[in-house]
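Consider the two complexes below, in which subunit A is the common component and subunit B and subunit C are the respective partners.
Here is the complex of A and B:
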């Protein structure tokens, strides 16, 4: 008999992640690629990659879950059992792999969060509210300005003798500070080290404000791949900061666990990767709110719709 | 354009403010015996109108109320009423009057900030100004009954948010509350107000509940206008109820104006606060502390972006959060119109509280 497996997909603003796990949290397949502004397309490509690694003879997928900012759309597409926010998914995934973790730092493409853990369960969290300063998107745009690949940032930052001071409070200020430092002739690596320091400092002063950071600390999200930021965190916190090699998959891993825990099962088939999905927005005209209603079609059949604030705009 | 007058009554209007417009209408119609302009529910256009003519750095309540006032003028109001408060809200009336005049509207403006803390004689003069033929006995009964209506509405709302998440029959709480609001809209006497209230209260209390053994309980605290006004906080409490939480909010008109005052509450929070920090911070801290002591699972702090008094309350809430091990979710509102960010944060907050409860039991 084939053993049960569970699928989890995390569709973020920048990257899309997918995993398949078995009943004992072992990874059977994994995938990581850029979203490129096309969540359905990226999810399909993730599914293709997972399908190639997945052993269909020994396992069959009985439940699936989606998380990340396009969770609702892709959830409708897959017919997912669980559609949950990324904060819950990250907490569940990380505590499953590191049961003793006390603090989870996360910096993603467009948001950053901190999760405090006690006895293996999240007890407090915070998320950046108004400004995207110090997130992955900020680092990418600055890398572009400096003419460096963002992937090399960590390496370059570590080679710097010292970090140039860059204002960390706000993206706009940081940027004008950076231009100024460039014009007066600071070496590039010192500026990059300064940026990494600014990201860590901004995070600790904003998102983590008022939260007690206790070791062991796990750092994840795309920015955790940047060794420069990791080093700055360790310097500021005076404690080791652990970066898991599977850190970028934690959201997908967590939502796969949640799908298993939901005990709702129905056979999942990779065929959805070949189907055609289309979304359409309609503006509801029944009052001045003009709600934007998103309708999802699978092969011309309406499968889900949302976005209406009241029943007058209900499509189905 | 000159308005066509059917009678010599004036049409009064007040900015939308949660469910309190019904009480105000009652006072105007039954007490002052003038006409009241009841605005329909606010839409996206209200805040767009408000923001367009507001200084950029004014807080969201300024924009919401200005939008309401413009809509009221367009709907034919003659007299606008704006309230004062304990923060910069006290200057809002004066500023809004100027903005509206510059837009070319003609109207009479009553800025209650000029009367608050004033003597009774001044208030009576105001009543005479609004209706020269005012009947004093009728006015006093009207004010008393209108206030009573607001208190009853606060009480029914409290019951709703405490228990609606656990209703056995879906929609039963909502149905009773809708009927209650309808009766408050049509009430013309103290008897009718009281009857409607008693009927609703009895009906709500006799509803069957499926209460879990350990329900997630969340307390809402924060800035006066944004915390109370459901449209401004994007139906925060209703969203929490739909997630399955029992929700309480101490901050309402009843508790702020007709119950223990600031000076009475402050001694009860003296471990955290020694002096009055202005606006509603004492209520915020008092409510947060009592939720923490009563074993609530979480607190949501609501404020409009840039609200200084509530910003000052944040470090104190952090102390309470640390001392009592109670997480606090901080929300800042401006004029955003997408719910997605809020939904994500609330869902994550609720999930965390629920999982924590399960594991720690």
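Here is the complex of A and C:
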């Protein structure tokens, strides 16, 4: 008899992550790739990669879950049992692997968050607001300006003797400050170290403002792969900061666990990766609010719709 | 000046706190009132066309309400409110309201009905209403009678809200206190959206302005002796009174609000008994992006109550 497996997909603004786990939280398949502004397309590619690694003879997927900013869209596409916010998904995933964690720092492509944990459950959280300063997108744009790959940032930062002071409160100011520092002759590695320090400092002063950071601290999200930022966090916090090898997959892992714990089961087929999904935006004209309603179609059939403030705008 | 028969009341700002009393007073004096429609996206779009960028979202909506009333009534009621006590003032927006409206709509030259009071005037509510009655050409006796009856009406309305909210406090399940200026909490385009999202997550929503105003005001002096704003006093006092009886508090502010920026930060630091979520609404995104924040917040409360993940 085939054993049960669970699928989790985390669709972020920059990257899309997917995992398949078994009943004991073991990873059976995993995938990580760029969203490239196309959440359904990225999810299909993730499913294809997962399918290649997945042993369909030994396991079958009985539940799925989605999280991340496109969770609703991809949730409709997969017929997911659980569609949930990334805060809960990250908390569930991280506490499953690190039961003693007290603080989760997360810096992704366009957002950053902090989750405070007590006795294995989240007790408080904060997210960045409109501004994306100090996130992955910020580092990418600065890397571009410096002519360096963002993946090399960590290594270069660690080679610097000291960090140049860089104003990273705002991307606009950071850019002009950066140009100025280069022109007056700061070495590139010190500027990169400065950027890493600014990201950590900006995070602690904004997102984590007023939150008590207690060890053990786990750092995840794309930016956690940057050893320079990790080092700056450790220096600022005076405590070790743990980066899990699977840290980038925590949201997908957490939502897969939640799908399993929902105890709602129905056979999942990788065939959805071959189906056509289309979305259409309509403006409801039934009152002065003019709600924008998103309709999702699978092979021309309407499967879900949302965005209406009241029942008058209900499409289905 | 032509004869006044109908008075327009913009459904924004302090109308959400005192509108019942205004309307009862004018009607008691024999006028008929036109209240603008509930806020919608159209209201905001109209208001944004007239407002400078930097002003706050509730004021932009207020301008939309004024615009709607132009031509629909003989005068629009736009009071100038400074507050009655030194430590119970109102924000500068209220202290300049008729001037702002007159200037912004200078081409339309709307006829405004106004009255002005300040904390250093040594005046009180009754005197202000008497003056308003006089402006409308009524005798002191008529104004006094209409004021007394309007006040009773307001009182009744408030007690009714308070009583209903007390009953909600006994409800099972997750209870969340929404804290904010009344015109943010109850405007369908601002707090209305947030209440809807909270209710959809299964939470019972309570409001800081449905708590006994006098008790809350008094309690606020324990929170801060120096805080100068009336509405922030009422809402912090209500938070202090209810914090042990709810599962979470949502601080709701509309961008940019000076008093809220200061006071909500204080609240986040001082209230440690229950989870606190601070939300800021702005004209660009409205309630978008709020869903994730509210869902996460309710999850935290729910899993805390259940004692861990995988237990509910």
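FYI, the second predicted complex is superposed on the first by the 316 of 316 C-alpha atoms of A that agree within 3 Å, B and C clash if a C-alpha of one lies under 4 Å from a C-alpha of the other, contacts with A are read in each partner's own complex, and residues count from 1 in each chain.
The criterion applied here is as follows: a contact is a pair of C-beta atoms (placed from the backbone, for glycine too) under 8 Å apart; a residue touches a chain by one contact, two chains touch by 3 or more.
Since this is a predicted model, take the numbers as computed values, not measurements.
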Query raised in the report: Overlaying the two complexes on subunit A, which is it for subunit B and subunit C: clash or fit?
Result: clash
Query raised in the report: In the superposed arrangement, which partner chain does A:212 touch: subunit B (first), subunit C (second), both, or neither?
Result: first
Query raised in the report: Which partner does A:261 reach: the first (subunit B), the second (subunit C), both, or neither?
Result: second
Query - Touched partner set for A:184, first subunit B, second subunit C, both or neither - result: neither
Query raised in the report: Does subunit B (first) or subunit C (second) touch A:1, or do both, or does neither?
Result: neither
Report task. Please work out whether A:87 is in contact with subunit B alone, subunit C alone, both, or neither, and reply first, second, both or neither. Result -> both
Requested in this report: Identify the partner contact of A:290: answer first if only subunit B is touched, second if only subunit C is, both if each is, neither if none is.
Outcome: both
Report summary line: After superposition on chain A, the subunit A residues reached by both subunit B and subunit C are 69, 84-88, 91, 119-125, 127, 129-130, 210, 287-290, 309
Query raised in the report: Which residues of subunit B touch subunit A in the complex?
Result: 43-45, 305, 314-315, 318, 321-322, 325, 327, 330-332, 334, 339-340, 344-345, 347-349, 351-352, 355-356, 359-360
Report summary line: Interface with subunit A, subunit C side, in the complex: residues 37, 40-43, 189, 193, 196, 265, 268-269, 275, 280, 282, 284-285, 292-293, 295-297, 299-300, 303-304, 307-310
Query raised in the report: What residues on subunit A touch subunit C, complex-wise?
Result: 69, 84-88, 91-92, 95-96, 119-125, 127, 129-130, 210, 257-258, 261, 287-290, 309
Query - List of subunit A residues in touch with subunit B within their complex - result: 69, 84-88, 91, 119-127, 129-130, 210, 212, 287-290, 309
